[in-house]
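Next come two complexes built around chain A: one with chain B, the other with chain C.
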Partner chain A sequence: MTRVVRRPVTVRTDAHGAPVCIVDGKAVHTVRTVIDHWRELGAWWEGETEFQLWRVETDAGVFDLECAEGAWRVYRVWD
Partner chain B sequence: MCLISNARKVPGGCTGFGIDGGIAVRHPFVHLHCHSPFSFLDGASSVETLVAQAAALEMPALAITDHDTVAALPQLHHWATVYGIKPLSGAEVTMEDGSHLTILAETRMGYRTLCELLTKARAGPDGRRQPKLPWAELWRAGPGLVVLSGCRRGRLVQHLRRREWAWAREWAERLRDAFPGAFYLELQGDAYPGWLSINAKLAELGQTLGIPLVATSDVHYARPEQAAVHDILSCIRLRCDVHTPHPERPLNAARWLHGVEEAEQRWGAWPQALENTARIAERCEVVLDLGRPQFPAFELPPGVTDAAAYLRELTFAGARERYGRLTPALTARLEHELAVIEALGYADYFLMVWDIVQFARRRGIRCAGRGSAADSAVAYCLYLTDVDAAGRGLLFERFMSLERAEMPDIDIDFDHRRRDEVMAYVYRRYGERHVARIATYQTFRGRSAVREVGAALGLPDALLDGLAKRIPWSAHADGLEELLDRVPELRVYASYRDRLRLLWKIAADIAGFPRHLGMHVGGVVVSRRPLFEITCLQPSAKGDWMTPFDKEDVERVGCVKLDLLSLRTLGAMEDAVRLAERAGRRLDLDRIPAEDPETYRMLGRGESVGVFQLESPAQRVLQSRLKPDKLEDLVASVALIRPGPVQGNMVEPFLARRRGEQPVTYLHPKLAPILEKTYGVVLFQEQVIEIATAIANFTPGEADRLRRVMSRVRSLREMDEIGREFLRKAEEAGVAPDVAQAVFACIRAYAGYGFCEAHAAAFASTAYKTAYLVRHHPAEFFAAILNQYPMGYYPVHVLCAEARRRGVEVRRLDVTCSEWDCTVENGAIRLGFRLLKGMREPVARAIERERARVPFSSLHDLLQRVPEVDALTAERLVRSGAADALHPHARRALLWSLPVWLADRQRGGITAADGPRLTAGLPALAEAADAPSPWTDADLPLNVKLADEYALLGVGLSGHLLSLWRPALAQAGCRTLREALRAADGERVRVAGIAVRPHRPPTRSGRTVVFVTLEDETALLDAVVFEQVYRASGAVLFTPSGRWVVMDGVIDRRAGDYPQLRVERVWSWTQFCRFHGVRVS
Partner chain C sequence: MRWFAFGRAVGVGWDGDDTLWMTISNERVMDASVSARACGVEPGQSVHTAAALVPGITVQPATEGPSRAMRRLWRMVNDVTPRLETMGEDGFCAAGSGRTSETALHALRAAARRWLEERPGVRGLLVGVAETPGLARALVEWRKCGELPASWEQSLGRHGRWLVSPRLKPSSAARNRCTGAHEAAESWWDPLPVEALWVLPAEVREMLLRMGVLTFGELEKVGETFWRRMLPGLSWTQLRHQVCVGRLRVNYPPPVYCRTWAAAAGEVCPPEQLTEWLEPLIQGVGRELLAAGCGTRRLGLCWRGEGGRERMEMVLKQPTADLQVLRAQTLRLAAHIRQPVERVSLFVRDFTSLPAEQLRLLAEDGRVISADPAAHALAEVLAQVERRFPGRLQKGLRPGFRELRLARVMEARLAVGSGNERHERMAMP
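And then the complex of A and B:
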């Protein structure tokens, strides 16, 4: 089961831009593994730019993170 | 070329991959999987853009691998030569299970194998639309191929995605064993979900099985910003819009033609995969030779060993037939032409065309050469053309020259109904492995781009439909936005400007991309080598096998291209001869009077509807002003009414000099013999070449280059360069600088409107023959034109109106006597079943057969005896009036009776004995047309009958639609067109009519002028709408409301006998009727 949340978060990244730590309010989740990483085009006809998605395993579970123009959001949370 | 050595060391590598002693080693990288627009709606950058991008990124090579075709390869080779990179040939092949496999040609033999595989993929059921290659064919393929495991739709990746490890392993082993040392696992850098794990699995598989890896990006466009265009093209292909999620739409913008740095980011963990791209590029040969002729050798008769000698023999034999005796000048000309032909190695080509024409002549298939081939006296002597090039003094160098050394183009028109016999002969003569038809590509243009891109963007259908209908037919997809300001009928869409901005942009991006593949009407390629060494083949809709190369690309790869065209006019001429002979009159078009005064007088009155090339309104005006009296006038006419001469303001000077109103002067005495026949006006391309030769001592090749630069107006720099050369050489030749400059200015003004005199002469010869037929055999010729319809400029109702104007009765379609074709009955035209909408020839033939056995006694009788006539055909026969002879004034009654009769027939319960009962009360064949009928309102009202006749036959036989409105129109001040034609010069008139073929040709001033022909129940009248009126009220002519119009204007008789209406206001029909309270009678 997953929940789509689309909540803004702060993400720290490594030199290649991969997330290493998620700061969600007062909670801080360390990324253990990057499970997958892909890119999506978005609604370009409405002016959206391409964004990147990262599926990461953290100490708190699996998250899908979305990064568009430097802004990060938790897109989905896996139960 | 060693590509591996191109690995470069660059300071400061940013990715951390491939670090070597502090300096990052850039791995070599070549794109081996790349789609061009020839992947049809799956490639968003032109071949040139892709090659340019690869060259800009300093890549040594680029492969194009379109879906199931090698169509882009000639262009790839061409642009690769231009940009200095190595072209790699391949294709992404769709296998029988729908999976994809990337195949590259390593050797020429491999390329041949690839072409054979692609052709076999098209040989299956529905192979034209959905090619599928059986795996068995791939296993049988020989060496010379490099096989990559494919994209996400590759079978291997599909197994991996489904976690079918064992199957994946088995499949990889099978491919490895089938292509030892030439099979690679394709790691894709598409940044789709799961790509990292798929690549890891592929790498693991490669390590386990000893299969090398290769990196590809499945490129679909040159730069990331073109991903949107790819998405739109995908939506068009998938018939969805951008708001519809679809698994085959691109997920991201990763499939671009990136450079090494990006490649290292994507596949840095697998450097071997990067290096292998260059290794593969190195091992693959360049498999296509551009420009190397592949002419087949003509099979000479026994005992003859030299093609050139045989051509000489045939030429002089033909010359003796054509001319009777050979003058020294003629002999010298023929010798010169033959020497050029022989030196360039085209003797076999001429013999080939001669052989085909001989076949047609033996079979009585009417044919005529056109184009620049008519500049050749040899072509005339071989009967390839009917233009006496030597007699007319035409310039052979316009056709071919030693310096230009380009392949000549001999285009031959054949009677379109028998052209396939000629095609079949070519296949028989040269073998099916050496002959194929040529493809042609319909590209995105203004209207199609608006409809398709707009639909993909999810714009409303009504908006797109209205917009597309108003966009000029000739509009280019990359010039749409400016049309909003320029075209008045688009004004209503100005408020949508912002909403449409994206549409304009994407339409511009895809302008010129191939949209549909079709078969060229007459192009045939003949090759010395088996065609598979050059191209794959695919079936056309008609079932002929064709190369996916178009005419230019066929030339690029050095194949002989023949244009065996079909010309409906030749069919019409042949039909007219046949109809005349059927009426007992012998007519030989090769022996009609050469200069028939009555024919020229008719043309001089502007009465040329139906005459080949001379029937448009502009031509009719020209004829009435020119008053032609010899073939030369027609040759000039064909050349004059073209965009160039009109824009170049050549028409008025020519007419003034031709009529003796202006003196004929020449800038230099040497120009007199060249320009004499066109009264000192430069009209033909041949004249430019001759002027350059006479004034500046240009060699024929230099002169032809001048002609090309000028006629194409492509580069001002090139024009200036050649201008300086002209002036320098002219001065050297002793021509005064001011005169040389004036001469160059004169021929420079000619730029952009070149027309070949030989082509004009060939067309003029056909035009004269059709004019003769119109003048002396109007019934036969107009019946013949109707049989060839659609042909020519005018719709059926105008052709019938013109025939009637010439005193030829047009009789309605009639099930009791009409045939499939239109025929001539005692000087009247009887319409044929072919004109009835939706009618099929076998049904018409069945009616004819059954009627010949026993005449029909009623429509019920016909339905009973001709089961091929179905419900829809029966209804159309009734509505068109074809059953009127059996049941006069009973169309309504018949329509009510049809369902009952057809239901009975279907039940098999209808017999001849039922006939009288079922048709009781209907007016019968024997009854007088006006006999009282027991039916009340048995017939349909006249307006309904006319509307039906126009809709089903294209012409009203029960009258004219305008006549219904005539009393009300007269009250509103409208004159008939016949009255308007009699009005004095300058007289103001108001007329109503059906608007025929409104069009906006280019003008010298660049302003819009609309030409349109009006038709009513009395006559035709040509009208001219100038820019101001067009903007104020004339735009309606290009909208659905502009079919019927009322025009206020002034009669202009400046064109002599032939009046035109200079329009001051255009009313749409509804607008006029509402304003003036006009109602139908």
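And then the complex of A and C:
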């Protein structure tokens, strides 16, 4: 089961642009594993541009992170 | 015609070669081959009793998950209809509707027969076909604990039975009618034995039998107080709905259709030449979607090149199985491939069942065809005439009674209107 969240977060990345750490308010989650990474065109008919998605495993669970034009958001939380 | 088929298989707990076998758990028989069942072995029996009945029977521990045999049956059913729910590890519920549903039903029956013939003496199958999922299951449960009227039952090989509700028989005048509460007085399912009511716990069934309530129809007489006392969470209306209507929750086919192209070893394909290699992938995926009767909401390309493995996906505005849309969107994704690739996969997922009307408009090659087979045949003939005598064919429609009557009424009204006008003109000074 998953929940779509779409909440802005701060993400620290490594030299290749992969997320290393998620800062969500006062909570800080360290990324243990990058499970998957892909690009999406989004809702192109509504003018959405290309964005990147990272599925990561942290100490708090599995998240899908969305990065569009440098802005990061938690796209989805996996229960 | 709309139908639902509920199937329950036996002898699918083990995939070995022996004919006489049983699977056990906690010293009890869980499943047995049809041949072993014919010798008296039954699920729930103690292992010693079963072994005494069939000396030398192969004993296997029961495993978790569906067997290969059952997975194969699901695949075969899924080839016939995309609306398939797997039920436990030995059952399924499938549905068909629209113009091609009768053909699908014949294909389903042929598939069931074929599946049974693959391992004679091992597998058995009961398939109930009715107007709702609940009633299809009721037929199977009924047959398991008693005899059905002979005209409802057909053979499906030696160990299979095909049970058809009287409303779905070709001769039935009541065919295609909706199932509703008002039809209770003439329901064919009223004689369904209480023992076959899978929605009731065993102790409630026993209690009902002790009370002299033997059939489903007689349950109407049981007051709501009984249900409240025996089954606090279930009212008679809910129970009736579960048995007479039921529900199909599609959980099959697999969630992704994928086609892959790979270059010869050591070679790569430049991005500008990729289009020609993508075309067969698009066609293959499109065919699979049409066969499954699904439209996809998400499409993606996954490729491997000098820069490593990359994947790009896109959501589609509407679920589609249309080749032209698939082609256009695949090429839009492929435009993001900038390096030579060794291997490229096209995949689609997030499916939605397409309405029958929409499916009928999509031919195998993506052409739009007529929804009506007769009209399609006529269109082909007209196209031949048009090719032979270009411009000579006059196409039109002959008016029916309503159109002719409307035309006469309009003419009459016009005549009366013009008469009045003349009269008014004459009356003016």
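In the analysis below, the second predicted complex is superposed on the first by the 79 of 79 C-alpha atoms of A that agree within 3 Å, B and C clash if a C-alpha of one lies under 4 Å from a C-alpha of the other, contacts with A are read in each partner's own complex, and residues count from 1 in each chain.
Basically, a residue touches a chain if its C-beta (ideal position, glycine included) is under 8 Å from a C-beta of that chain, and two chains touch if they have at least 3 such contacts.
Because the structure is a prediction, the values reported are computed rather than measured.
> Looking at A:R12 after the superposition, I want to know if it touches chain B, chain C, both of them or none. Which is it: first, second, both, neither?
Neither: A:R12 stays clear of chain B and chain C.
> Tell me the contact category for A:R32 with respect to chain B and chain C: first, second, both or neither.
neither
> Mind sorting out which residues of chain A both chain B and chain C touch, each in its own complex?
37-41, 43-45, 50
> For the complex, which residues does chain A have touching chain C?
Where chain A meets chain C, its residues are 37-45, 50.
> How about chain A: which of its residues touch chain B in the complex?
15, 36-41, 43-45, 50, 53
> Across the complex, what residues on chain C touch chain A?
Touch residues, chain C against chain A: 300, 310-315, 317, 332-333, 336.
> Applying the document's contact rule, which stretches of chain B touch chain A when the two form their complex?
Result: residues 16, 191-197, 224, 227-228, 231, 242, 250-254, 457, 502 of chain B touch chain A.
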